[in-house]
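Several structures are given next for inspection.
In what follows, subunit A forms one complex with subunit B and a second complex with subunit C.
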Partner chain A sequence: MIEAAFFALLVIGMVGAGAGVVLLNRITGAALLMAFTFLCNAGMFLLLGAETIAMFQVLIYVGAITVLILYGVMFTPQRDRPYALFFQKQTPLAALFVAPIAIAVAVFSFSFRDSTAGPKGADLAPLATSVFRDFAFPFEVASVLLLAAMVGAIVLVKREDE
Partner chain B sequence: MIPLGAFVAVSAVLFFIGVTGVLVRRNAVVILMCVELMLNATNLALVAFSRRGGIPDERGSVFVVFVFVVAAAEVAVGLAIILALYRNRPTVDVDEVHAMKG
Partner chain C sequence: MVPGPFGLDPVLWAVLRLVIAVALAAGLVFNGALAQIYLERKIQAIIQDRTGPMHTGPYGLLQTFADAIKLLGKEDIRARLTDHWFFLAAPAIVFAPMLASYVVIPFAPGVMGADLNVGLLYLTTLGSMTVLGIVIAGWASNNKYSLIGGLRSAGQLISYEVPQIVSLVTVVLVVGSLSMTAIVGSQPGLQVNALIIPLAFVTYFIAGLAETNRVPFDLPEAESELVAGFLTEYSGMRWGLFFVAEYGEVTVVSSIIATLWFGGWHGPFTDVHPLLGPALGVLWFTLKTYFFVLVFMWIRATLPRFRIDQLMSFCWKFLIPVTLVNLLVTAILVLAFPTSLVPVAIANWILLFVFAASIPFLQRRRLVSLRARLAAREHAVA
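So, the complex of A and B:
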């Protein structure tokens, strides 16, 4: 019962804040609502009994990625624009294509009737075993990807005239 | 007990909110935020399916960790591209960037 109430609160928070990211004109507000969506998603992970993933979610998404996005907002000009120029010209066409797929997928997703694991705790040990035994090579490749992304980001924003 | 379908439905709704944002907004930074929303929705679906039937299978969570890595790399390179673009022409409006338009 408490689980269901918590789930309903998280759904309202996630969908409401997600819609706010798309609809809000103030870009700083959109970024903070995005952080709130990430936080609600961490709550969902807790409900599913994946507390390690929830911790990573708070550390990486709510912490790091939101700060990066806020820096992006700071470094680019955000002038207020009329609401008529808010959306792209292709909006009706996009709605025409996305809406049928979205409705079909949302209806289909309710067909999964299986139960989910509740919070039992201690998912860190099996996760670590899985990462470092079955997925050791992809883990190393991921670190190379992060290094390449870091070098690429530095090269892209480096000034030429220094 | 919350059924699996509820989690998957929330994930689908959040994913399509992100798709809508990517397709309709003009501001490049907001488009980046909406891509992050889509990645989050896939994370939720992956964790929900890895808990299917009440038996945790951590392989789904491993994929979530890799999605975290890719999302961090993507947002770093994406913001670098937006800043480089802003240096060349002072706009973050994707409609005004049409140098490669045929």
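So, the complex of A and C:
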């Protein structure tokens, strides 16, 4: 009962904040609402018993990525727009492309019937084995990719000394 | 559902328990902040050969209360061009995660909000959320100095999170658990983690200083260069909330140190009596925590502030490599000797001495390269 109530709250928060990210006129407000969406997402993980993943969600997405986005926003010149991004002439075209994906996702997500909630807080060991044993190679490749991207970014913006 | 006392309805009791717990934590935070501001003034006064607050109450004990009442009574000022909602939200975003950290702090056996099995991860997560509030405070103030303070804070806190978390991971490797109770339980008697992994303690302590914006890492709120940085446009109790959050954060970091490296509630006479024991546990834990709070204040009265480039290069070129080497060595030794912690301890002490001894050499090399660069620049100008 309580879990259902929390789930409803989280869903309302997530969908509302997600709509706000798209519809809001102010880009900093959108960034903050995005952080809120991530927080609600972490709440969903908690309800599913995946405490570790919830913590990492907050640690990485709220604590680091949102801050970096805000950082980027602050260095971008901003002007007040008379309308939000939603009402533009690209809207029908975008809807045309998104609709098939959205319908497929909706059908897929409504096809679940069983409760997937695991025992509370038992996801640390499975997470570790899947990252460091079963998917160790993709994990390492991803980190090499990130390293290459980081080195590339540093080389691109490095100032020439003399 | 836990059945309540006096035949109370479980649902009602759950809500009531939450209210009591939040009120207790808030009381602890606010009273702790008052006590720490008094301690900070007195300790700085002693170190600077002054008397500190003396006139309000005996030994000036009521001075911080008077200041708090003054702050509460102040007019709520908000400059016209600030960003209304963000300006209001920023102190709350800084304060709320700090308050939530008190859930997992183990005061004594049985005296803690919740024994999460990812307790340590929970604490680091909440610590990382403070950055968001500070960046927003800097941006919403619509003030150049505040913005610089906010951006410095973003850079500093995200950088120092890396050595902080790696140091914590080293402890987790040795103990084998993320739960705060299990970490305390693994250090009975004198077998504290500070003797086994001292290097992780030193690196965590430095990173913790930076995470709480304390001197010598207080660049985001540097009074003399940024007119208090992200705090410039704040006044009254909003400003007070930022300060209470900072002192609360210092307490959280100190209690993490006390729990992870100094045995938490362990101390003499904790198992003499079923009721007296936990009370003594709370006492030992508080004494250990406040010892590190005092060290933070001692450092504030002693060291000058870093420059921003020194801050960054210290983190990325010294602290992170040291913590990574420490993590690697500890991981190898824990895998190689699963039954004994003696090799880990020996390796850690050796590493600590090597790194401490290398500091003068690194400093000399840095100075030489700095002078060479300055000479080259002067040559180019001439």
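Side notes on the structure shown:
Definition applied: the second predicted complex is superposed on the first by the 137 of 162 C-alpha atoms of A that agree within 3 Å, B and C clash if a C-alpha of one lies under 4 Å from a C-alpha of the other, contacts with A are read in each partner's own complex, and residues count from 1 in each chain.
Basically, a residue touches a chain if its C-beta (ideal position, glycine included) is under 8 Å from a C-beta of that chain, and two chains touch if they have at least 3 such contacts.
Just so it is clear, the model here is predicted, and its values are computed rather than measured.
After superposition onto subunit A, partners subunit B and subunit C are found to sit side by side with no clash.
One of subunit B and subunit C touches more residues of subunit A, and that partner is B. By the touch criterion defined above, A:52 reaches both subunit B and subunit C. In the superposition on chain A, contact is made by A:112 with subunit B only, not with subunit C.
Legend: residue contacts after superposition of the two complexes on their common chain; A:71 is shown touching both subunit B and subunit C.
Contacts of A:63 after superposition: subunit C is touched, whereas subunit B is not reached. Within the superposed three-chain model, A:133 lies out of touch with both subunit B and subunit C [touch as defined at top]. In the superposition on chain A, A:32 makes contact with subunit C only, while subunit B stays out of contact range. The gap separating subunit B from subunit C in the superposed three-chain model is 13 Å, by closest C-alpha atoms. On subunit A, the patch touched by subunit B and the patch touched by subunit C overlap at residues 52, 56, 64, 68, 71.
Of all residues in subunit A, those touching subunit B in their complex are 3-4, 7, 11, 14-15, 18-19, 21-22, 27, 30-31, 34, 37-38, 41, 44-45, 47-50, 52-53, 56-57, 60-61, 64-65, 68-69, 71-73, 75-78, 85-91, 94-95, 98, 101-102, 105-106, 109-118, 120, 123, 126-127, 129-131, 134-135, 138, 142, 145-146, 148-150, 152-154, 156-157.
Across the interface of their complex, subunit C is touched by residues 28-29, 32, 35, 51-52, 55-56, 58-59, 62-64, 66-68, 70-71, 74, 121, 124, 162 of subunit A. The part of subunit B that touches subunit A in the complex is made up of residues 1-14, 16-21, 23-30, 32-34, 36-37, 40, 43-44, 47-48, 50-56, 58-59, 61-62, 64-66, 68-77, 79-84, 86, 90, 92, 94-95. Interface residues of subunit C facing subunit A in the complex, by the touch rule stated above, are 83, 85-86, 89, 116-118, 121-122, 124-125, 128-129, 131-132, 135-136, 139, 147, 151, 154, 158, 161, 178, 376, 380.
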